[in-house]
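What follows is a set of structures for review.
In what follows, chain A forms one complex with chain B and a second complex with chain C.
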Partner chain A sequence: MTRRKAKIEEAVFKALMIGSTAAVLGSLALILGTVVWRGLPALNLDMVTQTPKGGYYLGKEGGILNAIVGSLYLAGGATALSLLASLPIALYLQVYAARSRWADVARLALDVLWGVPSIVYGAFGFIIMLWLGIRASLLAGIITLAILELPIMVRAMDEAIAMVPSALKEASYALGATRLETAVRVILRQTAPGLLTGVLLAFGRGIGDAASVLFTAGYTDRLPDSLLGPAASLPLAVFFQLGTPFPAVQDRAYASALVLTAIILALSLISRALAGRFARHVIR
Partner chain B sequence: MQAIRTWLSPLIRARRSAPRQAGRRRRERWARRFMGALTLGTVLLVPLLAAALVVRAWPILAARPLSELLFSTDWHPLKGQFGFYPFIMGTLWVTAVAMIIAVPPSLLTAIFLAEYAPERLRAVAKPLIDLLAGIPSVVYGVWGMLTVVPAIERYIAPAVQGSLGAVPLFRSDNPTGYGVLAGGVVLAVMVFPSIIAVAEEVVRAVPDGLRDASLALGATRWQTVRNVVMRRAWPGVAAAVILGLSRALGETMAVLMVVGNMPRVPGSIFDAAYPLTALIANNYGEMMSIPLYDAALLAAALILLLIVVGFNIASRLVLIRLTPAK
Partner chain C sequence: MYKPHIRIEDLKAWYGNGQALKGITADVPEHQITAIIGPSGCGKTTLLRCLNRLLEEAQATRVSGHVWLDGTDIYGPGVDVTEVRTRVGMLAPKPFPLPMSIYDNVAYGRRIHGLQRTLDKGNGRNLDRIVQHYLQAAGLWEEVKDRLHDPASGLSTGQQQRLCLARALAVEPEVLLCDEPTSALDPISAQGIEEQLLALKEGTTIVLVTHLLRQARRLADHIIFLWMGELVETGPAEQIFHSAQDERTRAYVAGNIG
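Let's turn to the complex of A and B:
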């Protein structure tokens, strides 16, 4: 009898688990479906090739090229800046500070930074901005996003480098290479796919984040032309267009959301494809 | 003299041995210092964030008693009244609803992927869940406005009002769907991936020997999961949930778009709320023109930072203890 009860319990919970998994994956399908369904009708060539013309926010002509280019500049600049710091930090954690208490502290700090809300980074970026005496600008946005991306990139790279077989490092040391030479000539080559995945992950997080650039990058209808001038971004384009009372403009917000989602999906596919290609150089 | 010799030693050695060797050693030393300094800078970023916010929020922290800031419901920046209570409650309500919705399915999914799912299904499901984590929060917000809010307005609120309307928690006098429940649903979907990813890893880390012993004694798989695996994994699972919680507390744009943004303490899941994050994001433009306003908003950011960092450190410490050293 208890055996039968156990069987029933097993079946009930298995059904619940399958249902939950389906619900989680279904919510992804629902989100993508909603964005495509509402965004696609409003999407046209003008949307992605023109900047907003006069009266755009009343439903007249124009597009969101300013936001697309602005977002690429912001996320691109931030990713480059963040990479300059992330790669040395990740190598330091694995090559110089390996298995030390100090590395554990640094990893904890990075995990905490990962969890800091992006609006707090936005506020922090705003404080840096006042301190440097610059206005809301491309530069301020890039600095803020770079700080936001840093922990994401370092932790991804840290994990990638941790997978390097220790025999490979030992072989390099045995040939008389210094740690730096081992890091640059052996570890970087060995982990290129993993590092690249980390870079793309951080880029994706940067391009999608709105709360941190809200204070710092500003918004403009023109293409960004200077580091010290404001820059538009896709997430804010979605947000501001949704805030207008005109249905035609709101439809464009959905189209902008679709463009943003497409970029994220493309990044995810590219990172998988590239990881496969670069893996040719990896010694196993 | 000795100090100078030490300082110059790379040069002296360079003359003695092959110059290339000294160059390599020097590069090694400088690389180590440079990388170490960068790492130290990153570690110091956490206290630096807090310190910068404290400094900028100081005018209001000094001008008003903390109890007034935290527990007053009067929010009238023009009159110089800054009570964060409605916003703190807004954050707590939305987060609580989100966690109630998110935790059961996330844990069941994590257990399913770790214990039941065939390898091929897991290979498909995990990248999709990662993709869910990568979707920008404004896109979640758009989805919330297009799908969740109308569903609550048209179906859920009337149905709940009809059956449970007498219970204050489920009373619905908000004619729109914008409110705590909409924010909670959107946030719940947003924290699915972070809870699932960590919980799945923790459950998988339970040694197989424990499972085998339980199964050999005749327990069913679910009994094994419930009585053996979960008993071992629960601290890590709790940490995963807290990690999701801290993610939910700090989320801004998606919540801002669907919670209604009314600075009142909500009394029902259908009431509008105004979380701290939305307060900061909505008022950045005007905050420089009203005295103490910018300090108040940065104080809100500071409160948020302290709550989130506190939860985060607690759960990370649990996870570090649980994860076996590689």
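Let's turn to the complex of A and C:
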């Protein structure tokens, strides 16, 4: 009789697991479906090759090239800047401070920062800008986004490096390597695919965030031409176009969202291919 | 009589609050194979990992006492741990190649120690010769000479262990620590490693941890017998195997306990 109960339990839990997976995949499909269904008809060559002309937000000609280029500059710059800080932090946490209380405090702080709403980063960046007397600019946007991306990147790298078998590190130490040599020559190679995932996660959050660039990078209908000038971004382009009363412009908002999704998809595919190459030497 | 290469003096080790070694004093003779034997959990591996100061890389470990390597205490003040590990190499129970090519694995130690230019200044082909030499010494050259730049992870376990041996030898250590080096290998590969170790002892002092009494009988010139973290008996293999002083040693080598 007990075996019968176990079988029923198994069936129920299996159904629940399949059900929740289906629910998540279903919602994702619904979101993507809506974006494609409303956005695709509005998407044309002008959208991705033109900047907004006069009356664009009333439904006249032009495109969102300003936002595409702005977003790539903002998220690309922020990811590069964040990477410069994240990699040393993650290596420090894992290789040098692995078992100290200090590392646990740092991880807790990063986890809290991860959960902080991006509007707070935006407001914080804005206060600093006021204090320093700089205007909304590409540079301010990049710095704010970099701070937003930092906890995601560090924690993803931290987890990836934590998976390195201790015997592998010891193999390097036993040859007389220092911690730094082991970190740079062994751990970075072993964890390259995981580190790349961390970079991609951070880039994804950076390019999709509207609130932190609203005050810091501002918005402009022109292409960004200086670090000290304002820069447009795709999430804000979606926001502004969706806020107009014209259905044609609202459809362009969906088209902009589609472009944003396509950029993230393309980046995921590229990084998967790269991760495959990086994984060539990984020891399992 | 023998010339001691390593003198272990009142060595104690703890994991957290548990004491794993309770004051070991023993010699490791130069250019011989010294086997550390004893039942599971007696501290064999702990003792071995004290000899290249690798134990301190693990969590909450503590060591006291002295390990004299050619008259220098490796636990003395101001000792550079990376230099100790350059002089005392190690072969682990399970082979862990580094995440790089076969060639780079062997060249790794030379590169980090800047030894690649020892014979012939700035000549990149010199490193090629060094890599070939040590792959031959480990008995792996014939099997990998056509794929030196392939990932080391693609080798079989037996080949990986020989690669790890080549990698350790390339640093030219005076002492080679072997922690159950054949435990993950098939009998043929294991025999290969044993033959390499016997060939190596001419110029290298070898310390071997093994739970296989037969392996100790085949290879060892000198024995350190541990029991629950204590040294029971140490001396030439002949003496330990045939005329041991202690009751526990006699019972262990006869296969009655452990």
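One rule holds in what follows: the second predicted complex is superposed on the first by the 263 of 284 C-alpha atoms of A that agree within 3 Å, B and C clash if a C-alpha of one lies under 4 Å from a C-alpha of the other, contacts with A are read in each partner's own complex, and residues count from 1 in each chain.
Operating definition for what follows: a contact is a pair of C-beta atoms (placed from the backbone, for glycine too) under 8 Å apart; a residue touches a chain by one contact, two chains touch by 3 or more.
Since we're looking at a predicted model, the values are computed, not measured.
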item	value
Chain B versus chain C as contact partner of A:Pro165, first or second or both or neither	second
Touched partner set for A:Leu30, first chain B, second chain C, both or neither	first
Which of chain B and chain C A:Gln190 touches, first, second, both or neither	second
First, second, both or neither for A:Lys53, with chain B first and chain C second	neither
Winner by number of chain A residues touched, once chain B and chain C are compared	B
Touching partner for A:Arg135 - first (chain B), second (chain C), both, neither	neither
First (chain B), second (chain C), both or neither touched by A:Val112	first
Partner chain in contact with A:Ala174 - chain B first, chain C second, else both or neither	second
Common ground on chain A, meaning residues reached by chain C in one complex and by chain B in the other	178, 181
In the complex, chain A residues that touch chain C	99, 165-178, 181, 185-186, 189-190, 280-284
Of all residues in chain A, those that touch chain B in their complex	6-7, 9-10, 13-14, 16-21, 23-25, 27-28, 30-31, 34-35, 38, 85, 88-89, 91-93, 96-97, 104-106, 108-113, 115-120, 122-124, 126-128, 147, 150-151, 154, 162, 178-181, 183, 201, 204-205, 207-211, 214-215, 235, 238-239, 242, 253-254, 257, 260-261, 264-265, 267-268, 272
Touching residues (chain side chain C, partner chain A) in the complex	52, 54, 57-60, 82-86, 89-90, 92, 94, 96-101, 108-109, 112-113, 151-153, 164, 167-168, 171
Contacting residues of chain B [partner chain A, same complex]	24-25, 27-28, 31-32, 34-36, 38-39, 41-43, 45-46, 49, 52-53, 56, 104-106, 108-109, 111-113, 116-117, 125, 127-132, 134-143, 145-147, 189, 192, 196, 219-223, 243, 246-247, 249-253, 257, 277, 280-281, 284, 297-298, 301, 304-305, 308-309, 311-313, 316-317, 320, 326
